[in-house]
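By letter and in written order, the chains are A, B, C and D; residue numbering begins at 1 in each of them.
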């Protein structure tokens, strides 16, 4: 968290990030914001409160003159910080109705006011700029979770309600092209002055054998070939735990796909829509990505292969980002990512890598409660790279590490192949 | 369901019952109405829709000129009627946000209008009076569930929010008095022209040995003696399944009781309040009632002992119903039961009996889907008699059979002793 | 337990009962005796030790001069007597290998010697005859469990091994005949000097409406008609909990039935054999019995109807017991029941009744640990009457109450109809 | 599996490995060999059959003249090879009694005879030497599992029976010494002609930063300091999943440790014995190893750090292997590992590394069913290196990769620190 943006622009950033949260939740009813459709997801109202709780807990409460908004919130909206105290049980987040949505929005405004007024003080900025920057990145991560969690919530309703009506742009095809990277020592991990999370550090040297990596994300059309070739019925294509998941959960297609009148449809935030074969495949687990790769005679890239390839290839390709989104919801109106394409390394869908999520050599979590942010989750998760259509544009960097368990499917997750 | 009240008063009854549902839910937010705090309970919004669904499904849809409000509701708000079709999974009732509360209230108004206008027609009344009467009794049963379910929902929130603020009247003590009933043949089950449910029929003869029955409900003070005597720690006092429940769920007091600063407090719809030793004990399971009785050297009455005793004793005692309520919420303002007392046979708390819930000799469920109303639940449940502070006054009759599994505690359930 | 058989014949009885246990376990390997195929069942070795533990705990340990065989056994082989102490967890009975079968048999011989030598003393007999008689009836109950549990154990092995090879006698058809019983007051419960369990007391008066009861057990052929008529696919035929069981456990036939080459086969202790349509149906749950009765437009008799009918009908019919066994294993060689028939009230299969298992009016469990024998299980179980092919002949009496949960199928359980 | 030992010595190897299996199971009763004390473990009888099944399935059945011993065994003793066919459900391995232990031993002898006689033929050897060598290494892996599984089985018995009585040698202290390894490119993975598993290939280059690694295994005494410092009560020391495991399973010490009269005792194959502070810590999970390292201000080495350090250090230290075993069972009599010490890189206890179990760059599983041996398990497991007191000496090589889930504790697993 080597951030030193302690100047007045922090207020602007703060305003901008917080207002975007308001924007993406504006159309949701109090009832919508209550739903916890599965244990992995949280109610939108919880996200709204928790992002605010972060600023209150790690910044405002450090100030002697701050008056806590509600003493219960410390417990209710603590996600997993044991150093802060006990946490309300995660699976029950959807079963409490108070504070109501209005009260939570009032809580947000209260904390916004308290923080913004203090940001006038250079001393305050000096003390807290770094933590506030983490808090803004944290809020942005929860913006993405708001979108993935509400999508899951709406999908669990047999009426398949629409989050926001939107036209999908036509897709424009893909090509089969690969980049070759020579073997050698490469430096990976974050470098420079920009913000990064602790888990992107320290920058360090790795040795990579030569490899080839696809310039395109695997598409829905390619994935349908896998399905039609019995992909979900052939244990030899799957990791052992993956095959268990297929059997126990009766997986036979990506999450949110369903057959209607003989064709594949997918539920999106804009409602049910036909699967477009040229779109990047989305809402697949690591297990499905891995099985597809085995079926195709390829493999997934490691996170370092991805990072090295991305760095060497994106300078020229960035301009080409014109395209096909997994979920077109944001493509037309306010675009979270104006420059994403199916072929780009960034945006569209998170890309599963073959790398389990582990600490870089010499990694040290920051001291205090904030040390729980990333480090304690380095077990039984896989790294995803790139960012999705629901990711904040400012998170688009080649060293950013997202991570989820191998069976997670409700994120906007796809993959590209390597060999 | 031997009801023939096919006259104009049905409209008045309908209006009255439906408006009472509005009244007891008026103070609840859309968020409150979403909560399903456990699988046994349902969100208030679901109750609001389901009571309406009953009239739509069993009455209005039988009429050719009726236009369905929303085609999804048949599935979404069917509780357990297999003859009507599949049901949305009960444990997930709290995870769908649409239709929202406003829409559900609109649905209620729509069905009310459609039904009330048709009630002008004598032919319509002739065809449907019986079912509508069942529907109104059904709605009243769900009124009670709305109160017990929202109580459970609010209690699951660590902030312990209040449903409605209310003063509790002072209690006025109890005496230890018993009635003796001689042995002999008695007729039990419903008689006469009034409404009853199918499970109260047929009236039939039973032989009862002589017995004594307490004129008072067991009180909180008596139950505290049981607790202080190690009641929750002595397996010899418990049924085997009851002891399992004690261990697995760490029961050490009635539901909603908690120790604060060395004294027993209980959560009520009016918030946290000290336990009054003279109040009837409430929110205990059959297991706890049975264990208490064993500890006291007594037993629970059978449902027929209760019914016979009630019939022979209540004529003179009805006037004495002035009293102590388990949950005082409704005692002051609009009283559901103006005449209940701790000593009365009716109201205050449902009374567990020693009788498992079974069919009377010659019982036949009504034909069609409505036959699923009661009959299919006659397994692994115990009969409760009397009615609670949350029961509709019109349900107060000596033959009414309520029933719940032996471990249920979230109803307003207490007991009286026999020997 | 109003038994006064304190004379020398107790030794003979003891010898006879204990030797029969040896006989029915003689063909089982140490491995066979280890298997616990489900939580409800126990390993044969556990039964062998537990029956012995009963005599050691309740008789021998009361004597000052007795030396305990092994101090661990008090814990290991206590089934559910909390007054004796903690119990080794029931679900883990199959996971401990020591003491081995040889040691358990040595334990049996040790306790036999100790008990038999003391039975020479009239004082000892006077003190313990009643408990020893309970212990022998207890041992006989576990003999039946040995057979039902080893059947379940062998059936869980895909090799379907045979307990004992045996020819099945040809069946000789059934007729459709019914007895009519007039209404009136009847006395039920045990009477006279013979042994009975506490739950058969006190004898008391009940009033029964007139009823008809089938003179025949429902047969496999009749049950196949039910299956062919969609019996397992029509929710309207089932109790709600029964329908849940059908769905969750994928029931589509009685336990141990399987289709092979287009015909129904059943696994028996003599191996796989075709289903004979004239045999009584066996290995059905209360749910299946109840659903069949509903399908047939009849019902199950209550336990008192069964008892009254049995008493008035069996004098003349006892001679006719020549017959059709559910499981023919014992029909040829040593017959547990030489006089059973498909039409008889006794033997062949236990008969589910419509009565849940509850205390008789005035029931008191015996004092001390033995009071846990029956009383604490009076919840969520149904009474079966009559006795099966695996029941000891001396348990054949019209007041004997067996009891199992409504979903139990591994006992030799069938039913007869009433109306 | 680059093995070319196709000469006559294969017979000798085969004899030697198979006889050692007999030796370590000779003292076990048929009952002992039945126990499956948890889902992760298997009954000894299953191991005995499965090791044999491997040779029958992958070697003998390829020969036209071979007659299968029993057609059911293909299904019963297939562990997880989907290409071979369905498998008997793993959690039920302990619930089938046939074939009995005698029959399984006969099966072993039959397959031994069939294989040994064919080994006379050079053609047969040419065809199968490679697979037979895998089979022998497989058998040796199951020898270790036999020991760990029977230890778990015996430990689950409250009588704590002894597998084999044995004196424990005195321990001789440890020192605190560390080795320094400079940064640079290193080659890791198997090299040369000796046998290795597919997951040790291909040999490839990695870049390692400089690091220090302890020359000693962490000891019981050091771990007791961690416990006494609240190690199991401080969430900040644990991975998130690890802390869940601590809470849910009530971990407060290594597996098999228990307090008796104020001191730590541990259950071993030789029975209960005091914990010796100088012994290497054993039976800890990855979570505990990781938490200890965090508490100590160190970390676990990666698998490549371990391998590189081992290779550069063991030439001189191999002679020093005289010592302290985690479980002294084998120290006195027949030693599986005559040369192990607490300070050695090999033997004593498997050593958790920080590396999750993943494929080496360019890894390809072998074709056919045997490709399921290792590859499909490369998810959510951690690599252990070194080998334990229960590992075959011939598995002692610096590239051998053992792997278990992060919560596994029943293996002989400890760790060394790095920084």
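One rule holds in what follows: contacts are C-beta pairs under 8 Å (C-beta built on N, C-alpha and C of every residue); 3 or more make two chains touch, one makes a residue touch a chain.
According to UniProt, the chain labels map to these proteins: A, B, C, D = Iron(II)-dependent oxidoreductase EgtB.
Since this is a predicted model, take the numbers as computed values, not measurements.
Shared contact partners of subunit A and subunit C, listed by label: B, D. Each chain's centre was taken as the mean of its CA atoms, and the one lying most distant from subunit B is D.
Taking shared numbers over all numbers used, the subunit B to subunit C interface scores over half, which places it in the same class. Taking each chain's centre as the average of its CA atoms, subunit B and subunit C sit 38 Å apart. Subunit B and subunit D have CA centres that are 59 Å apart. Centre-to-centre spacing of subunit A and subunit B amounts to 47 Å, using the average Cα coordinate of each chain. Among the residues of subunit A, none is in touch with two or more other chains. By the document's touch criterion, interfaces exist between A-B, A-D, B-C, C-D. Taken together, the subunit A residues at the contact with subunit B in this complex read 29-37, 45, 72, 75-76, 88, 92, 94-101, 153-154, 156-159, 161. Listed in rising order, the residues of subunit B touching subunit C in the complex are 80, 82-83, 185, 204-207, 209, 211, 235-236, 238-243, 354-356, 358-359, 361-362, 371-372, 376-380, 406.
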